[in-house]
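Structure first, then comments.
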Amino acid sequence: MLINSAQSVVADALRGMAAAHPDLDVDVERRVVVRRDARDGGRVGVVSGGGSGHEPLHAGFVGYGMLSAACPGEVFTSPVPDQMVRAAGAVDAGQGVLFVVKNYTGDVLNFEMAAELAEEDGLRIECVLVDDDVAVTDSLYTAGRRGTGATLFVEKIAGAAAEEGAPLDRVASLARQVNESSRSFGVALSACTTPAKGSPTFDLPDGELELGIGIHGEPGRERRPMMSAREIAEVAVGAVLEELAQIGPADGPVLALVNGMGATPLLELYGFHAEVARILAERGVPVARTLVGNYVTSLDMAGCSVTLCRADEELLRLWDAPVQTAALRWGR
Amino acid sequence: MLINSAQSVVADALRGMAAAHPDLDVDVERRVVVRRDARDGGRVGVVSGGGSGHEPLHAGFVGYGMLSAACPGEVFTSPVPDQMVRAAGAVDAGQGVLFVVKNYTGDVLNFEMAAELAEEDGLRIECVLVDDDVAVTDSLYTAGRRGTGATLFVEKIAGAAAEEGAPLDRVASLARQVNESSRSFGVALSACTTPAKGSPTFDLPDGELELGIGIHGEPGRERRPMMSAREIAEVAVGAVLEELAQIGPADGPVLALVNGMGATPLLELYGFHAEVARILAERGVPVARTLVGNYVTSLDMAGCSVTLCRADEELLRLWDAPVQTAALRWGR
Amino acid sequence: MRDADFFRHWMAAVAASVEREADRLTELDSPIGDADHGSNLLRGFTAVVAALGAQPPTAAPGEVLQLAGRTLISTVGGASGPLYGTLLRRTGKALGESDEVSDAELRAALAAGVDAVAQLGGAAPGDKTMLDALEPGVAALGTSYRAARVAAENGALATVPMRARKGRASYLGERSIGHQDPGATSSALLLGALADVAEPEGAR
Amino acid sequence: MRDADFFRHWMAAVAASVEREADRLTELDSPIGDADHGSNLLRGFTAVVAALGAQPPTAAPGEVLQLAGRTLISTVGGASGPLYGTLLRRTGKALGESDEVSDAELRAALAAGVDAVAQLGGAAPGDKTMLDALEPGVAALGTSYRAARVAAENGALATVPMRARKGRASYLGERSIGHQDPGATSSALLLGALADVAEPEGAR
C-alpha cells in the first residue's frame, strides 16, 4: 500500500487534500473539510460524511453546488459526532443544515448524536438517510438497505437546491425524493485490503465474483463463477429496475451512475456501461444523464455498481446546475 | 476482469463512451473519437492516440479546449496509421493538425506513417513527441525517454492554444515547450493484467515495489523492498527535480500531476500527494497548480507517478483556460 | 465497596485486553463485517486511558465511566463507538455522584447501561450483536463477577450459529451464520476485564 | 520459380504458426515488454489471410506481399506492425510485377526488406530486436531455405544474453539481459514458415 502507516492514512490524505485544493478549508486534526465560502450568501448547509475509503465520496464533493462540508471517519468507520457538530457549526449561516447519512448503523447512530448536540447548540438540523442498495432487503431481519451510489445523486441535487437558496425543508424533501427514486446494485471481482488489516477482507478466488456487495469490503449476498460484463450488467440492471418498478410506474427518464469500485480500469468500466446502456435501451428506459467513473469506491476493490435515479424535470434541472468540487465539475 | 472478451475490450469501451458522451462522435468500427464540433471555428486540430489501457488518456480528453480527436489502439498497442489519418481528416479545418505522440517505437512509427499519408492527402501535419519519463535515460542505448504523465499537460495546453485560435506552428511550439519543461517518475506496487494475457505482466510479490516504471505494465529499472509513501515521494520527486535542474535554472512555479496508475485508492494517492507537496515546499519549489487523480493509468496497476512541468505565465494561462472533456473539466 | 480507582483499573484492563485481542477482533469482523472492530476499540480505549489519566483524581466512579463513555463516542465512530459509549455513560450516570459504590449498585447501573444499548441500537438478544454477551453477562453478575465473565463468553460463542439481524452482518443474511460476532466477543472482554479487576487472580 | 500461390501459402503458414505460438510470443513479451506481441501478430496475420483471400487471384507475387504488408500496417499497430509491414511491402515492391520470381530474386528482395526495417527502426544487429533473426536468416538464404530457418532460430536464441538497445526492452537496461526477444522469435517463425513452404517435409 502507498501509505506511511495504517494509523496515519486519513490524516495524510487530508493533508494532501489541503495541499491540492486551496479552496477547501481542511482541518486535519479535527477531520472536517469545509468549503471556504460555505457561510457566504446565507445558504442552507449540506453536510455529509462517513468512513474513509470511498473517495472521492464525500470530501471530493465539497464545493460550489454540492456539499458545504464533509466529515471523513477512519477507513470504513463512520465519523464521530464531534466532527459533524463542528462541520455544522462551520457551515451554518442561520438557515439550518442538512445531514446526508448513508444507512449504516454506525453512521446513523453517530449522525443522530451529532444532530442532537447541534440542535442543543441552537442549530436547525434535518437528516436524510440514503438507502438505495437493493442487494439488502429492507426488513425486520436486516439493518435496512445500505447507502451506496445514490449518495452522489442526493448530495449533488441537495447541494444544487441549497446553492439556489432553497430553504432547509425543501432541500431535505428534495434529498429524500432523490433517495426514494434511486436504487443500486454492486458486484465485486476482488476483495479490498484495508490498511489496518493489510490483507483482503474476504477470500475471493480468481474466476469467482460476489453479487450484491456493499462498499465496505464486506462479502455480498451470493458468490458465482465469473460472468461476462454482459451477464453482470443483466443481473445488476435487472435487480435495480425490478426494485424501481415497486416504487410505482415510471414517469420519466433516469439518471445513471455506472460506478467503479476503485481498481476496475476505466476501459473495463466503459465496456460495462455499453452493456448497461444497451439493456436500458432494450427495456425502454430513457437515460437522461450518465456518469461513468470511480465515484463511490471501496478502496482497491475491483468491481462496479449501477445506480439509477428516476428524475423529474426539477431533479434534472438541479442535476445540470453548475457544480465545482474536486471530483465533480461542470457548468462553472 | 469486467469484460466480454479480450478481443472486444476496446470496441466495447468505445460503445460505452458513445453511450455516455453524446457530445463525442465515436466511430467504434474505425476506432476514432472525435469532438463533434471539431471543425467549427476553423481551429488547428489536436490529435493524439496510443495503446488503450491508460484511460482516461486519450479519449477522455477529447472536447472543448483539449483534444480534437483521439485514436485508441488495442490494449498497450499503438494505433494503426489508418486511425490517425481518419482522425486528421475529420478534424482538419484547413489550419492543419498537431499529432501528440508518446515516445514509444510503435507510436512513433505509426504516427510517422500517418503523418506521411495525411500530408499526401494535402493536410498540414506537425508532430510533437512526448518523452518525460526520467527513469529511462535518453541515450544511444535506449529507445529514448518514454512519454507518460506530461502527455496530459501537452494535450491540455496545446488544446487551449488551438481553442484560442493559435496557428499550427504556435500550437506545436507550445506543445514542445511543455514537453521540454516536464519530467516524470513512476512507481508500481503491483503489476497489471492485460485482457489478452489474463495474468499479471510480471511477478511483483507483496512487500516489494518497482521503481521507474512506465505505463505499459513493463517492469521498472529497479526492484526494492516496500517503501513508505514518504520514501517513495522522496525518490520520485528527487529524480524529477534532478532532471529538471539539468534543463536550466528554475524560473517560475511548476504544475504538478500526482497520478494514480489505476488501482491505487484516491485515499492513498492524496496521502502520497501530501508528501510530494511537503518535499516541494521544503526544496523551495513553488507549485502553481495541482492535479491529483487517475489520469494516465496502466490498467489495474497499483502505484503512482509524479510529473512536474515548469510553467511560465503563458503556460499557466493556457492551463487555466476552460476545458470540457469527459475526464478534465473546468471553467465551463 | 468500589472506588474510582477500581473503575480506572477496569478501564485500563479493558484497554490491555483490547490491545492484546485487537487483531482477533478485526479478523472476526472480516467475514461478516468491515474488518475494523479491533482497530476501532483499540483507538477508543487508548483514548479512554489517556482521558482518565488527565481527569482530576477526585472524580467519582460515575464520572470516571461517563468520561470513558464520552471518550469512546468522540474517538471510535462506527456502530461500536456510540453503543459502548452509551453503555459506559449510562452506567456512569446510574452510579450517581457517590465516591464509592456497592457491587449491587454497579450491577443495577450496568443493567441500565445495557438497556440503553438495546434502546439505542434497537437490537434484542438473538440478533447476533454485543447484546448477546452483555445481557447474559450482566445478568450473571448476581452470582459472581467470574460467572459474568463465563456467561458473556458463552454468549459470544452462542452467536456463532445465529443469523444476524442488526449491524453489518445482517446484510449477509444466511451467510452470517457460522461466524462469531466481533462485538459480542469484545463485550466478553469488557466483562472479563471487570472480573479480573473485581476478583483478581490472587483472590480466586 | 515461385508464383503468387507460393507467397499465399507462405503467408498462410506464418498465420498458422503465429496462431500456434501466440501465447508464447506474448509470454516472451511480458518480462521485457508489454505482453502483446502474440496477440498483435495473431490479429495481423489473421487479417492478412482474409485480405489475400479477397485479392484477385491474378495478383502477382509482389502484389501479394505488398497487400500483406499494408494489411499488417493497418491492423497490427505497435512496433511490430510498421516493421513487419514494411518488411513485406518493401520485399513485395522489390519483387516487381512479374508473375514468377526466382529464389535469387526473392533473396535479394528480402534483403531489401530487411534493410528497410533497419532503416525504419534505426536498429542494428546486436540491439536485441527482430533484426537479430532477420539478418542472419536472410543471409543464410544463399545456402538454403532450411539454413535460413536455422540461422534465424539461432539468431533469436542469441538475443537472450543481449542487452536491448531498441524497443521497449531497452527501458529495462541491464534487466533486459537473460530474456529472448519476442520479435526475433516471431521473425524465426516467419522464415521457418518460408522454409516449410519452399522445401516441404516430403521434399526434405
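Think of it as A, B, C and D in the order they're written, each chain with its own count starting at 1.
One rule holds in what follows: a contact is a pair of C-beta atoms (placed from the backbone, for glycine too) under 8 Å apart; a residue touches a chain by one contact, two chains touch by 3 or more.
If you want to know which protein each chain is, UniProt gives these names: A, B, C, D = Dihydroxyacetone kinase-like protein.
What you are looking at is a predicted structure, and each value in this text was computed from that prediction instead of being measured.
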{"item": "Other chains in touch with both subunit C and subunit D", "value": "none"}
{"item": "Pair of chains ranked first by number of touching C-beta pairs", "value": "A-B"}
{"item": "Chain centre separation (subunit A, subunit B; CA means) in Å", "value": "29"}
{"item": "Computed distance of Cα centres, subunit D from subunit B, in Å", "value": "31"}
{"item": "Rounded Å distance between subunit B and subunit C, as computed from the means of their C-alpha atoms", "value": "53"}
{"item": "Contacts with two or more other chains, residues of subunit D listed in rising order", "value": "none"}
{"item": "Shared-contact residues (touching 2 or more other chains) in subunit A", "value": "75"}
{"item": "Chain contact topology (line, ring, star, complete or other)", "value": "line"}
{"item": "Subunit C to subunit A touching residues, read off their complex", "value": "26-27, 30-36, 38-40, 43, 73-83, 120-121, 163, 165-168, 170-173, 175"}
{"item": "Residue numbers on subunit A that touch subunit C, as the complex places them", "value": "6, 51, 73-82, 104-106, 109-110, 113, 135-136, 140-143, 146, 194, 196-197, 201-202, 214, 216-219, 221"}
{"item": "Residue numbers on subunit A that touch subunit B, as the complex places them", "value": "1-5, 8-10, 12-20, 52-53, 55-56, 60, 75, 189, 228-230, 232, 258, 262-275, 277-278, 290-292, 294, 297, 299-300, 302-304, 324, 329-332"}
